[in-house]
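Each of the two complexes below includes subunit A, the first together with subunit B, the second together with subunit C.
Showing the complex of A and B:
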C-alpha cells in the first residue's frame, strides 16, 4: 500500500525523511567512537596530535606500525587469555547444561534449594568475593599442588582463573539452559526412557543435540564476559608471564607519553576474538535467542 | 506378547494445598494376550495415569501390575518392554525418521546395525512411510508424524502397546482412516494393547473391550455393545453413545413412574427389578424413541419440538413435555434424515417398554437394562 502511494504521490514524505535522518544521526553517533579509534590507530603520533581524532590520516601521517607494535606487546597476553578463556567458557556452558538437565528432566528431593542457590549465585557481585577469592587460592596453593608437572605449575594462576570463571559462570549458564529445557516436550524424554535409554544416554543423544542453539548463546555470552574480565585477573595473577590480554592492554597506556595510536590498535586487537565468536556462532545465537531450539 | 493384569491399582498424589488426591482408585483389569483394550473416560478420570503406571512413568501407590507372569511394579520403564505412542507424537526432532525408529532398538537390544535396519525398513513398509526415511519430523505432515510415532512403537516388537490418545491431534477424516488402520495393524501384530481416549467413537469402534473410568474408579469393563446396551450404572449409560441417553428422574407410585411432565406405566419385569427403590431414573436412547407414531397407549406422549439438529443421515430432534415454558427441559430423539419436522410443532413420541433402562437414583446402579430380544437381528447389521 505504502509503495503505491509513494509511486503516485510526488510530494516528499516528510515523516519518512525525518525517520531516515534520525536513523543516520544515530548510526553516526554510535559508530563515531569506533571510527575515531580506527583512524587514530592508523596515524603516526604526529598525525594524531595535528588532526582531529575522527579525520582519516593525511598523506604522510599513515602508519601501520601502531598495530604491529601493539600486537607485539599483546601477543603473550592474547595467548594466555585464549588458554584460560576457552576452557572456562566451554566448562561453564557444559556444566551449566548438565546441571539444568538435572534440574528439569529428573526428579529428586532438594531441587528447589539447588536452584535457589544457583539463582542467588548470579547476583553475587565480583567485587564482594575478591578478598575471599584471593585467600582461597592462597590456601589452595595450585602452584605447589601441580609442582610435579612443571608446564602446568607455571600456569597455575591461569588454571585458578579458569576455575574461578567456570564457577562464576555456572549459575547463569544453568539458568539459560534450564529455560530451554523446560520448553522441551516432556513426553519426548519419556518416549526415550521407554525406548530403553538411560539418563546419561538421553542427555547425550537427545538433550545435547537439541541444545546447540543454546550453547551458542551461552558460549558467546560467557566468552565475552570472561575474555573482557580484568578484575579477577588482577587479583589472581601476579606473575607477569601469566598476564591476560586485558592486563597487557592496560599496560599499553605507558607511563610518560600516552601513545593513543598504539592503545587504539591494542583495543581493536583485544576486542577482535569476541567479535569472531559472534560471527562464528551468529546463526545459532539468533536461533537460540529466538527460542526455536527444535 | 503377553497378558497384562492390573491388580487393584491405586495411585495417590500428594498435593501441598489439597492433601492427598486419589487419581486412580483400586482398578483391576485383566487384558488377554493380544487383546485391544480401550480405556475411556472424561478428562481427569485417571485413564492417562493408569497408562503411565503401566509404562513405568508413574509409580504405583498400591496394587500390582503383571506383564506375562512377571510383576513389573519395580521395573524401570526401559526394562518393561512396552512401547508407548504419545498424543504429541514425541518424535526426536533432530533425528531423521530412520534414526527415530532405530533409536529404541539401539538402546534396548544388542541387534546388529543390519538387523536394526531390516526391522526399521519392514515397519516403515507396514506403515506406508518408506519414502520418508531420511526426512526429519519437522518436514512431515501431522498424519505422517503420527505414522512415524506408531512405527517407532511397532519396530520395538514390545510385549504391549500403550497408546495415549494417539489420534487426538489429527483432523476428523484422517482420524477415522487411522482408526481403521490402527485396528488392522493391531490385529496383524497381535500385540496386547491399551488405548486411552476420551473419544467415545474411538472407544466404540476400535477395541475388543472398553474399560470406562470416572473419577479414578473403574465403572465397567465389557465389549462395546455390552457397555452400550447393558450399562452397569448411570455414568456408563450416559457416557457411551452419541447423542447420549435421555434420563428422567422419577418417583415410583404403584406400578407407574411419575414425574412432573409425564407418567410411565411399568411392566411386570420392570416392577420386579425396581423392588423397594422409590426414586428411579428412567433412561432411553434417542434412537429408541418412536417419533410421530399413532399411539395413545400408556407409553405415548404429546411433546413439542424445540430444536432440530440435521445431521444428514439422521436428525436429532430436541423435544419437550412443556412447550410453553421459556427455557424448557428437553430430551433428544433421533429420526431418519429424510423425515421432516418443524420446531414448534406438536408430535407424539413413544417410549417402548422393551427399550427403557432403569437406574437407582441414589446409588446410580442399574436396576434394569433394555431387552435385547428385539435387537438381536439388527445387531449384526449395525455392527461394523
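Showing the complex of A and C:
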C-alpha cells in the first residue's frame, strides 16, 4: 500500500511536463533568429556556407573578422545615432512629463480634450506626414541658419531628426506620465496648494520626485523606439556623414549581399544598445510597451 | 488666499500643521473669486502643456493638413509646388481608386495589389499575433518557474529594430542555408522547403510570420496584464461549477479579456498600416506585386526617384483615414469611459 501511494505522489505530472516542453519549444523558436545570427556572425565565409546556421563554427572556421568589418562600417552611424537619440529621448520624456502634469494635476476643464488631441498623435501613420516633413525641413534650412557654428551646421540634419523625434515622441510620453500622475494622491497636492505653493513649485517639489520610476519607463521606451527607427532618418538625412546606424546597417546589407556573417555581426552591433537596455531594464520596457503600444 | 506666492516660498509641509485657519478663510471668499481662481489655474498651467501641444499640433495636425493640400495639387518632380485653390482637385484619389477597382486578374496595376496586401497584412497579422500572444500569456500564467525569464525572451524581439529583424529573417529564409529550410530538412520535411522570400506565393506570408514573431510578445504582455486583473475567485467559482479547464478558459476567462484584445488589436492594426522598415530592408522599394503595401508604395512614389509628391500624399491621406477608422471608435470609447 505504502509503496503504491509513494508511487502516485512521485508520479510525473504529465500536464506540467507538457507545459514546460511547450514553453521551451517556444523559447527555442523565439531565440532561433538570434541564435542562427550569432553563430553565423562568428564563422568564416566557408564556415557559414558549409554548416547549418544554428551549429557553432567548426574548428578552423571561427572568425572574429566579420565583427571587426561590420563595426568599421557602422562606426560613424553608431556615433550619429548616439548624438541624436539621447537628446531626443531626454527631450521627449521631459516635455512629456511637464505636459502630463499640466493636463492632470491642475484644475480646469477641457483637459481630456487636449489629451485626446495629443494621444491621437501616437497612432497616426508616419507616412501621412512624410512629404510635408521633408518640405518643412527644406524650408526651415537649419544648415544655413546654423552656418555661424560650423560643427552644428554640419550636423543640422541630425538636429532636424532630433526635433522631429521629440515632437512625435511627446504624445506617448505624455500618455505614460499621465497614467502615473492620475494615481498620485491628490491630498498632497491640495495641501501644498493651500499653502500657497505655485504650480511650478508643486511640480518641482512633489511631482518630479515621484516621477522617477516613470522617467525610467519613458526614457527606456523612447530610447528603444528612436534608436530603432529608420523611416524618419532616410527621409530627413541625405548627407552620408550623417547616416544613423539603422541606415548604415541597411546600406551594409545592400552592399554585402552574400556575406551573411558580416550582415549578422552588423545586425548585432546595431541592436546591442537596445539589447543591453532591454536586458537590464526589461520590466520598464514591458511597462512602456503595455502603456503605449508601438 | 495667496496664490501668487513665489516659487521660492517655504516648503509647504511645516505651515500646513500650524496654520489651520487657512481653509476657513477660503470658504469665506465669494463665488466670483473661486471662478477667478479657477480661470487663473488654467492660465497658470498653460506654460506646462501649451508649448508641447503646439509642437505636436504643428508636426502632427499641421503636417496632415499640409499633406492633404499637397494631395490636391499635381505636384511632381523637381518643379516647385504651387498652391492654387482654383487648381485643387481630387484627381489623385480618383486615379488611385480607379486603379484599385481595375482589380488584379490579368496582372493589374500595382495599386490594386498594394491595397489588397495591406488588408491581408492588417487582418492576418492582427488575428494571428493576438492568438499567439494569448496562448503565450496563458502558458506563462500557469504559475511556472522562471516566469520572468520566459517573459523576457518572448518580449525580446520587440526591443529590436525592424532593420535588425529584417536582416535576421532574410537569413532565416535563405533558401539554401537558412535556418527555416535547414530545420525542415532536419526533421525530414525537405520536400516542403521553399524560396520563402522570393516566391510570390509565400513572400507576404513570410513577412507576416516574422512580424508575428516580433509582436506576439507585446500581445502576451497586454493579455498577462488582463489575466492578472481577473479576480481569482472567478477561477475558483468556475472550478466549483465543475467546468473543466478548457471550458473555464473559453467561458469565463477569455470573455473578460475583451478590453485587452481591443487595445492590442488597435495597436497591431495601426502598426500594420504603417509597417515599412521591415519590408523596405528586406525587399527595397520594389517588393513586387505579391508583397507591396500602401506604406511602402507611398514612400516609393515620393522618395524613390519618381517624386510623385502629390500622388504619394494622396496615398498617405488614404492611410491616415484608414488609421483614423481604426482608432477613432477606440479613442471615443476610452473618452466616454473616462479612461483617458
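As a convention for this text, the second predicted complex is superposed on the first by the 258 of 294 C-alpha atoms of A that agree within 3 Å, B and C clash if a C-alpha of one lies under 4 Å from a C-alpha of the other, contacts with A are read in each partner's own complex, and residues count from 1 in each chain.
We take it that a contact is a pair of C-beta atoms (placed from the backbone, for glycine too) under 8 Å apart; a residue touches a chain by one contact, two chains touch by 3 or more.
Everything numeric in this text was worked out from a predicted model, so none of it was measured.
By the document's definition of touching, of the two partners only subunit B reaches A:190; subunit C does not. Applying the stated contact rule after C-alpha superposition, one finds that A:116 touches subunit C and leaves subunit B untouched.
By the touch criterion defined above, A:209 reaches subunit B but does not reach subunit C.
In the overlay built on the shared chain, the residue A:62 is in contact with neither subunit B nor subunit C.
Of the two partners subunit B and subunit C, it is C that touches the larger number of subunit A residues.
In the superposed model, A:201 makes contact with both subunit B and subunit C.
Taken together, the two complexes place residues 191-192, 194-198, 201, 205, 294 of subunit A in contact with subunit B and also with subunit C. Those residues of subunit A lying in contact with subunit C across their complex are 19-20, 22-23, 26-27, 29-34, 36-37, 40, 48-49, 52-54, 95-96, 98-99, 101-103, 106-108, 112, 114-121, 123-136, 164, 166-168, 170-171, 174, 191-192, 194-201, 203-205, 224, 227-231, 234-235, 246, 249-250, 253-254, 260, 263-264, 266-267, 270-271, 274-275, 277-279, 282, 285-286, 289-290, 293-294. For subunit A in complex with subunit B, the touching residues are 185, 187-188, 190-198, 201, 205-206, 209-210, 294. Looking at the complex, you find that subunit B touches subunit A at residues 55-57, 76-78, 80, 82-84, 86-88, 90-94, 103-104, 107-109, 138, 152, 156. Every residue of subunit C that touches subunit A in the complex is listed here, in rising order: 1-7, 9, 11-12, 15-16, 19, 22-23, 26, 38-39, 41-42, 44-53, 55-64, 66-67, 70, 81, 136, 139-140, 142, 144, 148, 150-165, 167-172, 174, 177-179, 182-183, 186, 213, 217-218, 221-222, 225, 263-264, 266-267, 270-271, 273-274, 276-277, 280-281, 284, 294-295, 298-299, 302-303, 309, 312-313, 315-317, 319-320, 322-323, 326-327, 331, 335, 338, 340.
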